[in-house]
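Per-chain numbering from 1; labels A, B and C assigned in written order.
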Amino acid sequence: MPAHADNTLVIGAEVWSPVDGAMVRMAAAPSIGDLQDRFRAGQPEGLSVLVENSAADKLPTLLKLDDADAIAWVWPVIDRDQVNSVVVMYFSNAGDVTAAVELWSGRPGRSELCLADACYTGLGRFAKLSPHISFPKGSGLPGLTWETNIPQVLEGLGTSPTFMRATGAESEGLGVGFALPCIAGSSLQAVTLLLSGTASPIARAYETWLPQQRGDSLRLARIDGAYIASPALEKASTQLDVPAGDTWIGRAWATRKPEVVCDSTGQSLERKGAVEDGLTSGTAIPIIILDDVAAVAVIMW
Amino acid sequence: MKKFKHILLKTLDVAALSVFEPIVRLCYGEDPRAQLRKIGKFILIPIVAFILFLGVWHVTASGIETKFGKMPTPGVTWEQTKVMVGQVFENRRSEKAFYVEQKTKAQEHETKAAQYAAAAELPKNASQKEAFLAESNAQAELAVNARSATFAGTPTIIYRVVHSLKTVFLGFMLATLIALPIGILCGLNPVFMAAASPIIQIFKPVSPVAWVPIAMILVGALYSGSSMQPAMLSSAIVVAMCSLWPTLTNTALGVASIDKDHLNVAKVLRLGWWTRLFKIVIPSSLPLIFAGLRISLGVGWMVLIAAELLVQNPGLGQFVWDRFQDNSAAAFGQIFVAIFIIGIIGFFLDRTMIILQRSVSFDAPAGA
Amino acid sequence: MSQFGNSYVELDRLVKAYPNPRGEATRVVDGFSTKIAEGEFVSVIGHSGCGKSTVLTMLAGLNDVTSGNIILAGKEVSGAGPDRAVVFQSPCLLPWMSAFDNVMLGVKRCYPKATRLERKQLVEYFLSIVGLGDAMHKYPKELSGGMQQRVGIARAIALRPKMLLLDEPFGKLDSLTRMDLQETVLNLLNEHRITTMMITHDVDEAIFMSDRVVMMTNGPRAKVGQVLDIPFERPRNRVDVLGDEMYYDFRGCLIDFLEGQDRRKHGEPDASMPEPKPVTKPETVQDLMLVQSPAEVSAV
């Protein structure tokens, strides 16, 4: 099963932080290699402009790069009124894959979330229809994320009653979805949906972690997760919590800033089964509502 | 021709006499076999049944001996019918004769008055002149009396029928005037309905006979007019007391069960209370109101006979009572005639109401 | 919801609850929200009994709102009124009045200052634009179902309403008459731009007529499931709409949704497919979490 590792669409992730009024790349999962240069080349103003715009607008954005057969997903982490970091993830867009990255946001005069931008690969009617569809609070995966303000993991998209576009997803081979709310203060800015088939997953693991009081200590507990072709990781992850502040996931919660970890052995994921299943990298993104980190979204590949 | 047939059929339909439809169709040669079969089934058989009824009546009546003599058979009843019709004509003749006689009398008196007046002109002594004038005036007065005298024969059956009809309509109008507004209020307002309900429930089942003394006493105490006989007014009140309930309950039901869609129309248009009442509530409950009126008139007609019998209102009820007091076989036969008259009039009243009811029912299928 | 700006019509978290025999409240409609721009035509589609008509009657003011707000042209709506004209599935004509008088009833109410002649002309105008110029003085029982519905539409338009509410207006008509009337209504709306909400269960009707189709989940506790924008240009003509490459995609989208609702309704006790529960805040939130619960603070 570990052979699937090559199929994941995530290429790499970066964290940018403001330094002296400009966004600077602070951490990165390696192996991105010359992709950054190609992105820089494909975007006349440079990727940093995109990151800065995203930070200024407090809105996530997508950049499609045809030359590189890749897309960049830019996600601001908003703490109170400040963007404390911006996560950039690169996804491969090449070959025979079935996947979608969607940005849903509000529109004036509408009470629903509408599709603001999206990148579809290997999808037909699903891609054609989605721009015309919108979801009210509480309905569909975007609406549910809006209502709960917590990252949502959804498996079996084709049969799920939660996923309103299930019939389309089923016929076009989408299987797993991960939805993240982008919140400024307490109001929803946008929702990102990462949807993919199990044969070519965007990532190998999606998890939602919530802070919980256990006895005397505050711990961070894994509430929900989806694992693609990673049985050992799945087995090791079902009942999992860490003291607040421990491990890279706990750090993301404590520091209120995203974490990116990567090494070729997979040791830095600090998770049993990760090495065995061949996972090497991960991103932990804190979801901050008003003063509190309400959840941590974890993506591993 | 064809148009005439259509009109004829439609008339029969509206009059609820569609039983006779096959005859009309037969006359126009429309599928004679089917029409004949229908005539056989729905006209011939009822006629046969009636003849059978007369036969049974005849046989049964012949075997019953009463203190008035034999119970009247159909034959006797028919004889008495002829007698009564004869009386009507007889009465009319004597009435005519009476007025002719009165007229002659009046003319005689007038002539005399004129003669005395002329005599008074001739100058004689003053006292004679005065006597002549007095005589002239007396004659003139006699003439006026003779002209204004009314025929006072025994009331005929026609007079009684007319009087009964007048009384029943008076009572019916009274009942309608009371029942309609109360019924509408009850239908519109559940609180009003709840308030009125116990009163209605208690008085509805009261027998007409029980109202008679009350009506008589009250009319005696409160009515001092002379335009109407007190007996007639009492009978009408009894009729009203008994016949207002069907109209009241049907009106309330009709108003309360207005099609919700129609009320929604009123709501959307925000129609005022009166507009809503007259444009929507009343038109839409008219069929039920008329159904109530029809029952009311039927009840009223039934009640009337009993009331007249007790109050001595000179209508059909009193006629039955008078004949009963007469103690003769002939009178016994005339009671039977009265029964038929009452029944037939009741039937025609009902038909009239059916026609009225149909003419206001908007969702009846468009005519044949 | 004001975070996304204001609209001509706003239905905000409408709830309709009826007491059930056990004395609890059954929520037939549970949190129906949508916004409609001025002049927009929005259809509400869903399975029968899902509460879509309840939403419309609440908007019409013919059904009390248990909770939630309805705002039309900046004003809170309460009770029925001629600013929201309704056309029901059955024409609801007053059978004791001719077509002319039925329309006149509304005209009199909405043009109190017009002269007799002006009113007469108005009624004649509205009846003629629905194609009843020759049958004005007929009584409802003398008119076919389609013609009766035309009178109903004329009566509604004659009120010059701010909003037109159509409750399955063509539901009882045969398919030819139905198509005829759909076009009549569309032509009418091209001329008199009236904000319209239509309840329907006919997928093709919804696509052909609307700017937007609001799909309702199955009741009880029905609400908006998803919304589909129909970007076809107006004035529309049936041949062009049917010929558009997106038409069958839209149709598929609506049918998929309705079938999905069906599956949910009938296939729920299927043990092989447990319904995944969304992650929300734990029930006993005070015990478990030090931080303020997100759902609590996000109640904006």
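Just a few scattered comments:
Everything below uses one rule, namely that contacts are C-beta pairs under 8 Å (C-beta built on N, C-alpha and C of every residue); 3 or more make two chains touch, one makes a residue touch a chain.
For clarity, every value in this text was computed on a predicted model and none was experimentally measured.
Under the contact definition stated at the top, no chain borders both chain B and chain C. Taking the mean of all protein C-alpha atoms as the reference point, the chain centroid lying nearest to it belongs to C.
For chain B, the chain with the farthest CA centroid is A. Inter-chain contacts peak for the pair A-C. Per-chain Cα centroids separate chain B from chain C by 57 Å. Rounded to a whole number, the gap between the C-alpha centres of chain A and chain B is 93 angstrom.
Here the spacing of chain A and chain C, counted between their Cα centres, is 38 Å. On the side of chain C, the complex with chain B involves touching residues 60-62, 79-82, 84-86, 88, 90, 92, 94-97, 105-106, 109, 139, 141-142, 159. Residues 106-112, 125, 128-129, 132-140, 144, 147-156, 159-162, 164-168, 183, 186-188, 208, 210-213, 218, 223-224, 287, 289-295 of chain A are the ones that touch chain C when the two sit in their complex.
Of all residues in chain B, those touching chain C in their complex are 259, 261-262, 264-265, 267-271, 279-280, 283-284, 286, 362-363, 365-366.
Contacts from chain C toward chain A in the complex involve residues 1, 3-7, 10, 12, 31, 33-35, 37, 217, 223-231, 246, 249-250, 252-253, 256-257, 259-260, 263-264, 273, 275-276, 278-282, 287-295, 297-298, 300.
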